[in-house]
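Each in structure tokens, the structures are laid out below.
What follows is a pair of complexes built around chain A, which joins chain B in one and chain C in the other.
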Partner chain A sequence: MSEPAVILEGVSKGFAGLSRPALTALSGRIQAGMISGVVGPDGAGKTTLLRLMAGLLKPDAGGVRVFGRDPAEEAGPLRMQVGYMPQKFALYEDLTVLENLALHADLRAVTGADRERAFARLLEFTDLNRFTRRMAGKLSGGMKQKLGLACSLLGRPRLLLLDEPGVGVDPISRRELWAMVQQLAREGIAVVWSTAYLEEAESCDEVLLLNEGRLLFDGKPGAFTARLGARSLHLRGLAGCRRRALRRVLKFPEVSDGVIQGRSVRVILREGAKAPDPAGVDDADGSPYWVPVEPRFEDAFIDLLGGGPGGGSRLAERMRARAPTGDTLIEAESLTKRFGDFAATDRVSFSVKQGEIFGLLGPNGAGKSTTFKMMCGLLTPTAGRARVMGLDLQRSAGRARQRLGYMAQKFSLYGNLSVRGNLEFFSGIYGLHGARQRAAIASMLEAFHLEPFLEVRTDSLSPGFKQRLALACAVMHEPDILFLDEPTSGVDPVTRREFWSHINGVVERGVTVMVTTHFMDEAEYCDRIGLVYRGRLVAMAPPDELKAAAATDARPDPTMEDAFIELIRRHDSP
Partner chain B sequence: MNTLLRLLALIKKELYAILSDPKSRKIVVLPVLIQGVILPLAATLEVKNAALGVRNEDAGGASVELVQRLGASAAFTRIIPLRDEREVASALDAQEALAVVGFPADFSKRLDTMDPAPIQVLLDGRRSNSGQIAAAYIAEISAGYFAERAGAKGVRGGVEPPVVSHRYNPNLDYTWFVLPSIVAIILTVSSLILTGLSVAREREQGTYEQLLVSPLTPGMIMVGKGASAFVVGMAQSTVVILLAVFVYGVPMHGSLALLYAAAALYFVTLAGFGLLISSVCMTQQQAFLGAFAFMMPAILLSGFATPVENMPEWLQFLNEANPIRHYIVILRGIFLKDASAAFVLRHAAPLFLIAACTITLASVFFRRRMG
Partner chain C sequence: MSSAFSLRRLGALCLKESRQILRDPSSGVIAFALPLVLLVIFGYGISLDAKGVRLGVLDEDGGAEAASFTSRLSGSTAFEVVPAASRAELDALLQEGGVRGYVVVPQDFTRRVYSGCGEPARVQLVTDGAEPNTANFLNAYVSGAWLGWSEARARELGRVAPAYPEVLARHWFNPAAESRHYLIPGSIVIIMTVIGALLTSLVVAREWERGTMEALLASPVSRAEILLSKLLPYYALGMASMGLIVASAVFVMGVPFRGSLWVLFVVTTFFLLSVMGLGLLISSKLRDQFESAEIALNVAFLPAMILSGAFFEISAMPEALRALTYLLPPRYFVDALRTLFLAGDVWRVLLPNIAFLAGTSALFLTLVARATPRRLDG
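On to the complex of A and B.
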């Protein structure tokens, strides 16, 4: 093999004010001609690593060599050889596509005939020729990333650093981006693709897996998943409630992790353990049985971390049970929201019954949050109606909102208050006081493991604990309906499982949950999902039905993402 | 009861947020210190050590004696003799003299014969404020001189010239005049900034939506935000009042109860403006600029530094809508002359009207901006 493009030797980097270093003693190599994935949950240190390679940061200890040079000290000679696309686009939203390219060309001193040739090549490559005069701010998420990619490719870099290019991109554009990057790798460029989506790791040639600043694995993704052997199983043939089945399965000592996948429960067995007898797991008269399945990258990751969090929910245990009524609690009737000539939500209709988990699934920017905000009365619909418990929340009295819990997409608690301050405030405005308030706060602290952080400023919590606190503040007053907007974004896979244990638990208590997510696999937990694509509700059904509807001869057992892409294709060309 | 408890939770949070954050703590503490300490020193309204031009065509002794008396006052330490009109013009033009006094050729003669003896006073219009004060000094000194001469001659039936004495501020001590206004300005700044930024800050941080989906109504959110800023504003005013009375020795003639009642009313008026600004702004930066766009002209037109009576009539009319203008009148009244409740009420009436308008508008926009 040729000389590696990047060599990392024992690299450490910390930031003032953070309790643990962003990176600890990391060593690895990035090879030319392949895609190297820097994979890990948010806060794992991915961006820090990329910025170190781009020469924007200096390591505290250890060395970084890019093409044999120190990127921080010898930025000049490396500048033309390294392309860097930051996580938040390095684009000027008020400039057109062409002006953005010209700006980056100026910065990289690509001029004259070279510039003409480079623009023609890159616009062709990214298929942006039709949009050269459009403002960058008005491009879709996918097109923005393509433009960002084009800008970082000016000057023909030999090393391309892409920080989470898959975020905010719909599945189709994501595949197009992958195809582009794969072509670049074939041309001999060393591509670094960082991602929090563990399934993207499977498409990389090499993977650096990070968690909390430490390197967990370095090598081919297949080698990582192969460690699991035949320990990934599906429990099929369930007739009863799959949420209760999951909870029972997770009680087996042999099982280290489990998630719901459509009608099945997917589990990982502990090393050396045999699959337990599934009889008694189903609460109807089904006959559950184990089927070995292909292990996923995420399975191996969870297994490496010591398994999932278990299936219990202390939160649900303290909640009172609501009698099932079968009422329709949430209803959208050709809900539409236009901003100028752009329809963020376009004639969306759905209804959710009591005790159901209804999910809106789609990439960032598809219109999920807009729909969500209209349901909660935070946005006025341009047309159509949004009703919760038969009421328009925008006009309803505070009494109706008392029965609601809401968790916003962006972290929306008071960062300058302590954990206790936030809990006291939110319980206070929901009318809890005295002994009831103290009891509610105590049980939240216990359910979400927040006791050690009681007096900590909320700003300085890790992303996972911030989300836990946000959920705690949303459920403290025991709402009947929970609106959760991307509750698991920015959360590591283990905490995501914990969240879903809570969500599953409260639904068992008769709470109704409406949730949005851009994690395709999370949709599997929902009773029904609506696929949202460019403001439209493209399909709505239980997850298994959606997957079955999208099955083709070539792909008889599609993943949720396959199903999404297939259903969008059919929607676009009926 | 339940509503009140929810409101209390909100107020407690707001106060904590203002006082726990070092940045917003600075916004609360620094202006009080800076304005309380620096403004009284810098915003001097006295005329001291100024130069006075004298164009004397009179050959008699009276004009000379009057000039000596003018020169002996603390206001004018330098007398510039000017020979002709050209020198008069250039002395004023080059700002060598703040004012020029002109004595006509028959000045002494007229005085001797007890005819009216006019003096001409030319002022530098660019320094109209100090000029007016200087003119008042000149009038006072010459009136004293005329009275003395008339008395010495034992003129029968001579009209007693008016003796100017400044009631309520006998020594024309400018700190007496400035400090009550500073109470007004500090209350203005803090109420506008605190209420103006509070909603915008929540919008920026994304916490506003979390409030809107809670059982709190927009009205309760407004009251909660207003009340917490009110507590802070009152505390700040108290500091300046204490500074005024105990450090600068401004007499506090009026009733404290009236003073605080007026402050409370004024605060509500301003909080209306602040919440209005807040409800139409998306970011703290916008709110800040919005608050200043209101505050600068409002303070300049308030009569804090320049007399309202000198403004053009149409501006005086517009100024009726300026809450600071009314509040300063009330404050000076209470501080310096023990204004009666009736006086305060009369000047508070426009404030009631303005408050009703701003609060109504703010609550309308508050609701509308939810969509």
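On to the complex of A and C.
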């Protein structure tokens, strides 16, 4: 094998004010001519690692060599050979596509005939020829990412560092980007693609798997999942409640992790364990049975971390049960929101019954949050109607809100208050006082394991604990309806499972949940999903039906993402 | 290979910055609309001139000379004279705000005017100290009226009048005593501070927020290129705005400009570089638009407004604040501009101001050059 493009030797990097280093003693290699995935949940150290390779950071200890040079000390000669695409698009939104390209071309000394050729090649490659005069800010997420890629490719770098290029991009554009990057790798470029989506790791040639700043695995993704052998199983044939089934399954000592996948429950067995007898798991008269399935990268990751968090929810145990009524509690009627000439939500209709989990699934920027905010009465619709518990949110939002719990997408607690301060404030504004307030706070502290952090400033909590606290603040007043906007973004897979245990638990208590997510696999927990794409509700059905509807001869058992892409394709060309 | 400095890269960055300035309506508003609005407000809206201020007058003397002096007061447009019969009445009026001050012409006034040497004639002025600006102006105007009258009487009576140079100096450079002439140089300072500190700190912080700075740092650009690409376009914008203000002040509002343009150019250059340096320093530390604006407002805009002497007289400030103003570039810019507008190229005044501004621009630019990262961790 030829000389690696990047050699990492015991690299450590910490930042002031953070309790644990961003990276600890990391060693690895990036080879030319292939896509190397830097994979791990948010906060794993991916961005730090890419910045170290780009020479934007200097390691505290250990060495980084890029093409034999130290990127922090010998930045000059390396900058021309390394293309770097930071997160968040990093484009000048008030410059046109062509002006953005021209700027980067000038910065990288691509001039004259070279430049004409490079522009022609890159615009063709990224399919941006039609949009050269459009402001970068007016491009879709996918096109922005392609433009960012084109900018970082000017000057023909030999190492391409892409920091989470899949974020904020719809699944179709993500696949297109992937195909482009694959072609670049074939041309001999060393490509580094960082991602928090563990399923993206499966397509990489090589993977550096990070967790909390440490390297968990380095090698081919297939080798990582192969460790599981035949320990990934589906429990099928369930007739009753799959949420209760999951909770029972997770109580088996043989099972290390379990998630809901449509009508099935997916489990990982502990090493050396035999599949337990599934009789008694179903609470209806189904006949559940085990089916071995292909292990996923995420399965192996969770297994390596020692398994999932178990299926109980102390939160749900403390909630009062609501009698099932079968009423429709949430209703959207051709809901539309326009910002100028742009329809963020376009004639969206759906209804949600009591005790149901309804999910809006779609890439960032598809219009999920806008729809969501109209449902909670935070945004006024341009047209159409949003009703919650029969109340029109435009007229009686106040009355409705008392019975709603809302968890915003962005962290929306008071960062400079302590955990206790936030709990007291949010219980107070929902009208809890005295003994009831104290009891509610005590039960939240216990349910979310927040007691050790009672007096800690909320700012300094880890992302996982911040999300837990945000959920606690949203449910303290025992709402009948929970609105959760991207509750698990920025949270590691283990904490995500814990979240879903809580959500599953409160739904069993008769609470109705509406949730948005851009994690395709998370949608499987929902009873029904609405696929949102460019402001429109493209499809709405239970997850298994969506997948079945998208099945083709070539792909008889599609993943949620496959289904999404297929359904959008059909929507675009009916 | 990339060299340490490339004109092509600098040109590309400046072009990008200029395009952003042209497309961002807020820079146009700050550089061209705001100055015009401020000029109109300060030129026509706000006036520190005392006109029709209610002034109580108590004539205890009752003689011809006293009547001659009080008629001078009532003849001025500055006052609306309220005659009174006793001090008690005047005190009551002053307390309830019926008058802003009062003048007492004492019993022996006429006698003293005629007696000539020995005991000069006196009048007493009592002002409402709760409104120091009005009190100051009352003081100035009554003193002026008094001086004018006593000089005239002295000439008529063939005597030498007592001199009050301090009072004379107040009217010297602003013979029309129009506060507009005095306020417009001050408002220029405010506008240049906003363009220099606020705008530059915002645009750099925006690059950090959007991640474009990270993309720039990962490209072959050098520190000097990044810095210059921020300084040059906004310097040009500031100068264009300056040209507009000076032209409209002189040609539209009739404010005199007695200095030379090249001195104005030099002074403005040093001031702009100082505040731009400050703005860049703020945003290289904070990297957040909201925080940058907040800090720029507090360390640049508010001091320029309050402590520069643009609107509030430094001599009227408490000792500690007065000492603080010596540290602020706007103070020197105000001083230099007033001199240039109202007096001319008075080098004795201009040189120290220019020297100080040159010093602060060098200081801030050095600090910025050091603080501008070439990596994300310094």
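Note that the second predicted complex is superposed on the first by the 571 of 574 C-alpha atoms of A that agree within 3 Å, B and C clash if a C-alpha of one lies under 4 Å from a C-alpha of the other, contacts with A are read in each partner's own complex, and residues count from 1 in each chain.
Throughout what follows, contacts are C-beta pairs under 8 Å (C-beta built on N, C-alpha and C of every residue); 3 or more make two chains touch, one makes a residue touch a chain.
Please read all numbers here as calculations on a predicted model, not as lab measurements.
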Practice task
With the two complexes overlaid on their shared chain, look at chain A and say whether chain B and chain C clash or fit.
Solution key: clash
Problem - First, second, both or neither for A:F465, with chain B first and chain C second - result: neither
Handout entry: Partner chain(s) touched by A:F67 [first = chain B, second = chain C, both, neither]
Key = neither
Exercise for the section: Applying the touch criterion given at the start, work out whether A:G55 contacts chain B, chain C, both or neither, answering first, second, both or neither. Expected result: second
Problem - First (chain B), second (chain C), both or neither touched by A:R399 - result: first
Practice task
Could you tell me if A:E99 is touching chain B, chain C, both of them or neither one (first, second, both, neither)?
Solution key: second
Exercise for the section: Scan A:P86 for contacts with chain B and chain C and give back first, second, both or neither. Expected result: second
Practice task
Have a look at where A:K373 lands relative to chain B and chain C in the superposition and call it first, second, both or neither.
Solution key: first
Problem - Clash with chain C, by chain B stretch, listed 5-13, 23-31, 131-139 or 203-211 - result: 131-139
Fill in the blank from the handout: Seen from chain B, its contact residues with chain A in the complex are 2, 5-6, 8-10, 12-13, 16-17, 20-21, 205-207, 209-217, 220, 370-371
Exercise for the section: Show which residues of chain A lie in contact with chain B when the two form their complex. Expected result: 373, 376-380, 393-394, 397-399, 401-402, 404, 406, 408, 410-417, 421, 424-431, 433, 473, 483
Problem - Complex contact set, residues of chain C against chain A - result: 1-2, 4, 6, 8-9, 11-13, 15-16, 19-20, 23-24, 210-212, 214-221, 374-377
Exercise for the section: Enumerate the contact residues on chain A facing chain C in the complex. Expected result: 15, 51, 54-58, 72, 75-77, 79-80, 82, 84-95, 99, 102-104, 106-109, 111, 151-152
